[in-house]
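Next, two complexes with chain A in common: one pairs it with chain B, the other with chain C.
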Partner chain A sequence: MKVTIDGIEIEVETGKTILEAAREAGIDIPTLCYSEAFGGQGVCRMCMVEVKTGNRKRFVASCTYPITGEIEVQTKTPELEEIRRNIITLLYRRAPNSDLMKKLYQDYSCSEVKGVDPEESCIMCRLCVKACEKVGANAISTVLRGTEKRVSTPFDEESPECIGCSACADTCPTGAIRVVEEGGRREIWHKSFEMLRCEKCGGYYSTLPVREHVTEQLELDYADDSLCPNCRRKKLAKEVAEVR
Partner chain B sequence: MIMAVNSQQIADRQAMEKIINRYPPERRFILAIMQDLQKHLNYLPKEALKMTADHVNAPMTVIFSMATFYKAFSLVPKGRVVLKACDGTACHIKGSNVLIDEIYSCLGIKPGETTADGDFSLETVNCLGACALAPVLVANGKVYPKVTPAALRKIINEYRGQDNDSNTSE
Partner chain C sequence: MTQTQVNNPDKRMILVCCGTGCLANGSGPVYEAFCHALEGNDQFEVETFAKATGCNGLCEKGPLVKILPDDITYCHVKEEDVSEIVEQTLLKGELVNRLLYRDPATKQYYRSHHDTNFYKKQHKVALRNIGEIDPTAVQDYLDRDGYRALKKAVKTMTPGEVVEEVLKAGLRGRGGGGFPTGLKWKACASTDDPQRYVICNGDEGDPGAFMDRSILEGDPHTVIEGMIICAYAIGASAGYIYVRDEYDLAVKNLICAIEKAKKCGYLGKNILESDLSFDIEIVRGGGAFVCGEETALINSIQGNVGEPWDKYVFPTEKGLWGHPTVINNVETWANVPVIVNFGAEKFASIGTEGSKGTKVFSLVGKVVNTGLVEVPMGTTLREIIFDIGGGIQNGRKFKAVQTGGPSGGCIPENLLDLPVDFDNLSQAGSMMGSGGLIVMDDRTCMVEVARYYVNFLASESCGKCVPCREGISLLLEILTRICEGKGTMEDLDLLESMSSTIQQAALCALGRTAPNPVLSTLKYFRDEYLEHINNHRCPSGVCKDLTEFYIDPELCTGCGRCRRNCPADAITGEKKKTHVIEISKCIKCGECINNCKFQAVKVK
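Moving on, here comes the complex of A and B:
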C-alpha cells in the first residue's frame, strides 16, 4: 500500500502503524509513551500527526493508528507543533523535576508555567506498568484518577508480586522510580531484596527472586551459573571463539 | 491469605464469598462484583479485593486500579448515613457550598470524609438531575429539596443517634 509521509511516498504493509512506517522511512515523530518492545499505548499524544483522506483532515496518534488505506500524512505542521508544545507545557507543569521534561520544555520554547510539585518527575507515560506486565510480575499499576493519578503498588505496600527486577525503573524515561542499592540489597517499591553477586567479577547484578522467576519462566536450569550480564557475554564470546 | 480468626471475620468472609461466587470467574465481571460488594459491605475491604482478584484470576494491580478509579467505591468504611450534597451547576449557584460548609461545622467532615463515630459520610455529586429543587441533599437515598442551613441541621438531627441499619444506598 502506498502512503505519503511528509511528501515522501512509501510502500507499507497494511496494519503497520503510521509511527512504525515513518520511522522505517527515517522520519522522526516525537514520542513519550512509545517503546518498540511494548507497542503503541496512545497515552501521551506526543506522536500526533495529521492524516488526510480525500478532503478530510484530522489528527491521530500515530503510534496506535494502523494504516489500512492510502493516506497522506504530515508530521510537522505548525498546528502539530502547537499540540506538542501544549502537551509538553502541561507535562512539565506536572513533572518539573524531570530532566527530560526540562529539556523538552526549553527545546519547544514553551510559555512560562510553574511546576505543581517541584519534586515530581513522573509524566504518567505508563511505560513502567507495561514493563512490569511484560516481565509477568504485575506489581504496579496506575492508581486513583485525575490529578491524583499516580503509579504505585496496591495500597502503597510491599507487593508479594514484586521480584525487584527494576525493569520499571530501567524503562522510565524520567528517572521517577526510586531504586536504592546498598550493602548487597536493593530497595524498590517499599520492598527490600537480597542481591545476587556475579561469581566472576563479584559485582551485584540482580535479585534472588529475579533468578527464580527467570528459571521458572524459561524452564531453565540456571542454578550452577550466576554471572552478571557482562561476564556472561564474555563467557559466551570465549566459547564461540573456542568453537571456531 | 490472612486466616479469619474470629467468628465475625468468618461470617464476613462467607458473605463476601457468596456475593463473589454469584458471578462467573471472568474479568469482565470485576466491576459488577465490586459494585455488589460495595453495596453490601458499604466499602471494599482489602480481603474482598483479594478474593475478587483470585476469583477472576486477575492480578491485584488490576483490581486495585479499578477500585481506586471509580468514585462509587470506597476502600474505607462509609458512614451509616451517607450524605450526598449535589454540587452540579444549579446547586452550586444556589449555594451548595454553604451546605457543605454547614455540614463541616455540624459534623466536622469534608467531602470524601466520614465522622470518627462512623455515623456520617459526606460525598459531593455532580448533578442529580433535580435542578429545579436546588440545592439538593440526599441522605441514605432520600432526597431533600431546597435545603437551607436550618433545614440541614434538622435533617442531620433526624439521622443522628438513630440506630436502625437501614442502609438503602443508592
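Moving on, here comes the complex of A and C:
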C-alpha cells in the first residue's frame, strides 16, 4: 500500500502504524510513551499527525493509527507544533523536577506555567507498567482517575508479585522510580530485596526472586552459578577457549 | 407515534406514576392505598384497577395519578387524597379540582395533562409507553404493539432489509455522538467475523440526566425488543445491557423483563421458530462517567480498567472481546421497534433534514416546569424552555441554556430560536450530548459555570492521555484564578490555545469535548471574562471575591425582606425606610438579591 508522509511516497504493509512506517522511512516523529518493545499506547499524544483521506483532514495519534488505506500524512505543521508545545508545557507543569521535561520545556519555548508539585518527576508515560507486564511480574499498574492517576502497587503496599528486577526504573525516561541499593539490599516499590553477590568479583547484582523468575521462565538451570553477568561472560569465554 | 391509550370503556385504570421522582415524593404508598381501596370494592360500574407505571416526565408535580379512559390527571397526590379520589371521581364522576394541574402562568386548571402546555408540544416516540404501562407486565407492552416489530422483522423481512429500514429512517445515535445507527449496523453486519455482539449503553453519567433511566425503568421491553431486532439484523448471538450502578429499579425491571421475554420465546434459542438465538445479560456499571464512552465501557465489561482506546478501528469491527460489536444508547434502542413497526418513512417524517425523529431532553435548572420532555427534532430552544418549560422561575431573566451534558456548551439568548438538532447545536459550539438542558437565569456567572463543568471533567477524566488529564487541570487552574480576580489577559490566550490542543489531541470524546464549556462561554460571554480580569468585578454577583452588593435607595421600599433573609445579619434598616448592607458583615451569599421583589439589590 502506498502512503505519503511529508510529501514522501512510501510503500507500507497494511496494518503498520503511521509511526512505524515513518520511522522506517527515516522520518522522525517525537514520542514520550512509545517503545518499540511495547507498541503504541496512545497516551502522551506527542506523536499526533495530520491525516488526510479524501477531503477529510484530522489529527490522529500515529503510534496507534493502523494504515489500512491510502492516506496523506503531515508530521510537521504549525498546528502540530502547537499541540506538541502545549503537551510539553502540560507535562513540565506536572513533572517540573524531571530533567527531561526541564530540557524539553526550554527546547520547545513553552508558555509560562508553574509546576504543581516541585518534587514530581513522573510524566505518567506508563512505560514502567508495560515493562513490568512484559517481564511477567505485573506488580505495578495505574491507579485512581484524572490528575490523581499514578503508577503504584496495589494499595501502595509491597506487592507479592514484585521481584525487584527494576525493569520499571530502567525503562523510566525521567528517573521517577526510586531504587535504593545499599548494604547488599535493593529497595523498590516499598519492598526490600536481598541482592545476589557475585562470588568472583564481590559486586552486587540482581535479586533472588529475579533469578528464580528467569530460571522458571527460561527453564534454565544455573543452580550453583553465583556470578554476575560480567564474570559469567568471562568464565564462559575462558571455558570456550579451553575446549578449543 | 402510537398515541393510543388503552381506552377500553369496560375497564377503568388508575395509573400511579412510580418513576424515581414520584417514588421519592411518596407515590409508593399512594399506589398501595389505591390497591387497598379497590380490592373487593364492588360499588364500581366497571372493572377498576390500579397500576404502577414509569415516569411521566413532569416529576415536579408528582406523585401523578392518571385515570383512564376518563383522561383525568391529578398532581401532588398524597395517600390521604386517595379516598377522596375514589369517592368523588371513581364513584360520582366528579373532579377533585384542587388536585388538577394548574398552569403557573395562566392559573388555569386542566383536566388532563394532555391539554397542558407541558405536554401539548411534546411528541412521544421513545417514551411512548412510559407512564401508560406497568413495566413489570409484559402483557401491557404487548397490548401497545409490543414485540410486533420483532415478529414483523423475523417473519417478513431479511436481516439486510431491517438494516436498510433503520438506515432509511435516518435514526442517529441518541447517546451523544449522533452517528447514523443504520451505518453502524451495516458495518458490523458486513464483517467476516461471525461472532458479533450487541450492547445497550445505559451508563447515563451526565449529572442531572435521567432519560435513559426513565426508559429502562418504565419500558424495559422496548429496549430489549430493539436489541433483539438488531441481533437479527446483524447476526449477533449475545447482548449486554450496561446499566449505571445506581439504577437499582432499572436493573430490577430489566431482570424481570428479560425473564418474561424468555418465557414468551422472544429471547433464547430459535426465537419465534427462526434460526435466531440471542440472549441478554445485564452488567452493572463501574461508577465512572468515562465508562459511558463505548470503548471504556467495553473494557469495563471485559473486567479491565475503564479506559478508552483510540477508535481508529471502530468497535463495529473490533469491539467486545475483539469481535464486531454494535453499541447503542438506551433511547436509540427505544426508537428501533417504532421504525420497524411503522416504517422508515413515517419515522423520517418527523424532525429536520439531518436529524430525524424526536429527542428526549431532561429539562432542569431555573425553568418553571422541570422534567423529561420529548420533542420533534427541530423544535426551538424557545419552545422547549418557554412553552413547555413555562419560562424562567421567579420571573427572572433568561441568560443561557447549557446543552449536552458536562462537556456541552452554553447557548445565549440571541440563539433561542435555534431549531434543536445534532448539527445546529454543534455549530453553535455546543452539542446534543445525551439531551441535558440546563436553564440559567441572570444570577449565573458564566465564568463560574465554565469552572464548574471543567472541575467535574477534571475529576472524571480517566487520566490516560496527557491533553485531557493535564490540560483540563490547567484549564481549571486558570478559570479558578479568573474567578478569584487574579486572572490576566495572557491567561485568556493560554485558555484558548490549550483548549484547542485538548480538542485536537485528546484520545476520546470526553477530552475532545471538555473545552466546550470554556470556549462557548468565551464566545458568547467574553465581556464577563474581561470584567473579571480587568475590573475585578463579577457582574452577576456570584464570584465572592469580586462581588459587592448594595441597595439602590431609589428602588428600596423598606419591606425588610432582604434583612429577614440575610443569614449574616448584614442588612440594617427601619421599616419602610431604605435598607443598607454592611459590607464588613456581608458573606456575598446573594440571598438579598434573590429575595428582593423590587430589584433594589444591585451588584457594584
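One rule holds for everything that comes next: the second predicted complex is superposed on the first by the 231 of 244 C-alpha atoms of A that agree within 3 Å, B and C clash if a C-alpha of one lies under 4 Å from a C-alpha of the other, contacts with A are read in each partner's own complex, and residues count from 1 in each chain.
Simple rule for what comes next: contacts are C-beta pairs under 8 Å (C-beta built on N, C-alpha and C of every residue); 3 or more make two chains touch, one makes a residue touch a chain.
Computed from a predicted structure; not experimentally measured.
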More chain A residues in contact - chain B or chain C: C
Which of chain B and chain C A:138 touches, first, second, both or neither: first
Chain B versus chain C as contact partner of A:45, first or second or both or neither: second
First (chain B), second (chain C), both or neither touched by A:56: neither
Which of chain B and chain C A:154 touches, first, second, both or neither: first
Partner chain(s) touched by A:2 [first = chain B, second = chain C, both, neither]: neither
Touching partner for A:86 - first (chain B), second (chain C), both, neither: second
Which superposed partner A:64 touches (first chain B, second chain C, both, neither): second
Set intersection of chain A contacts, chain C complex versus chain B complex: 141-142, 144-145
Complex contacts: residues of chain C adjacent to chain A: 288, 290, 305, 309-310, 312-313, 458-467, 469-474, 494, 497-498, 500-501, 504-507
Contact set on chain B toward chain A in their complex: 46, 49, 59-65, 68-69
Chain A residues touching chain B - in the complex, by the definition given at the top: 138-145, 153-155, 159, 161
Chain C-touching residues of chain A, taken from the complex the two chains share: 42-45, 48, 59-61, 64-66, 68, 79, 82-83, 86-87, 90-91, 93-94, 111, 113, 116, 123-124, 141-142, 144-149
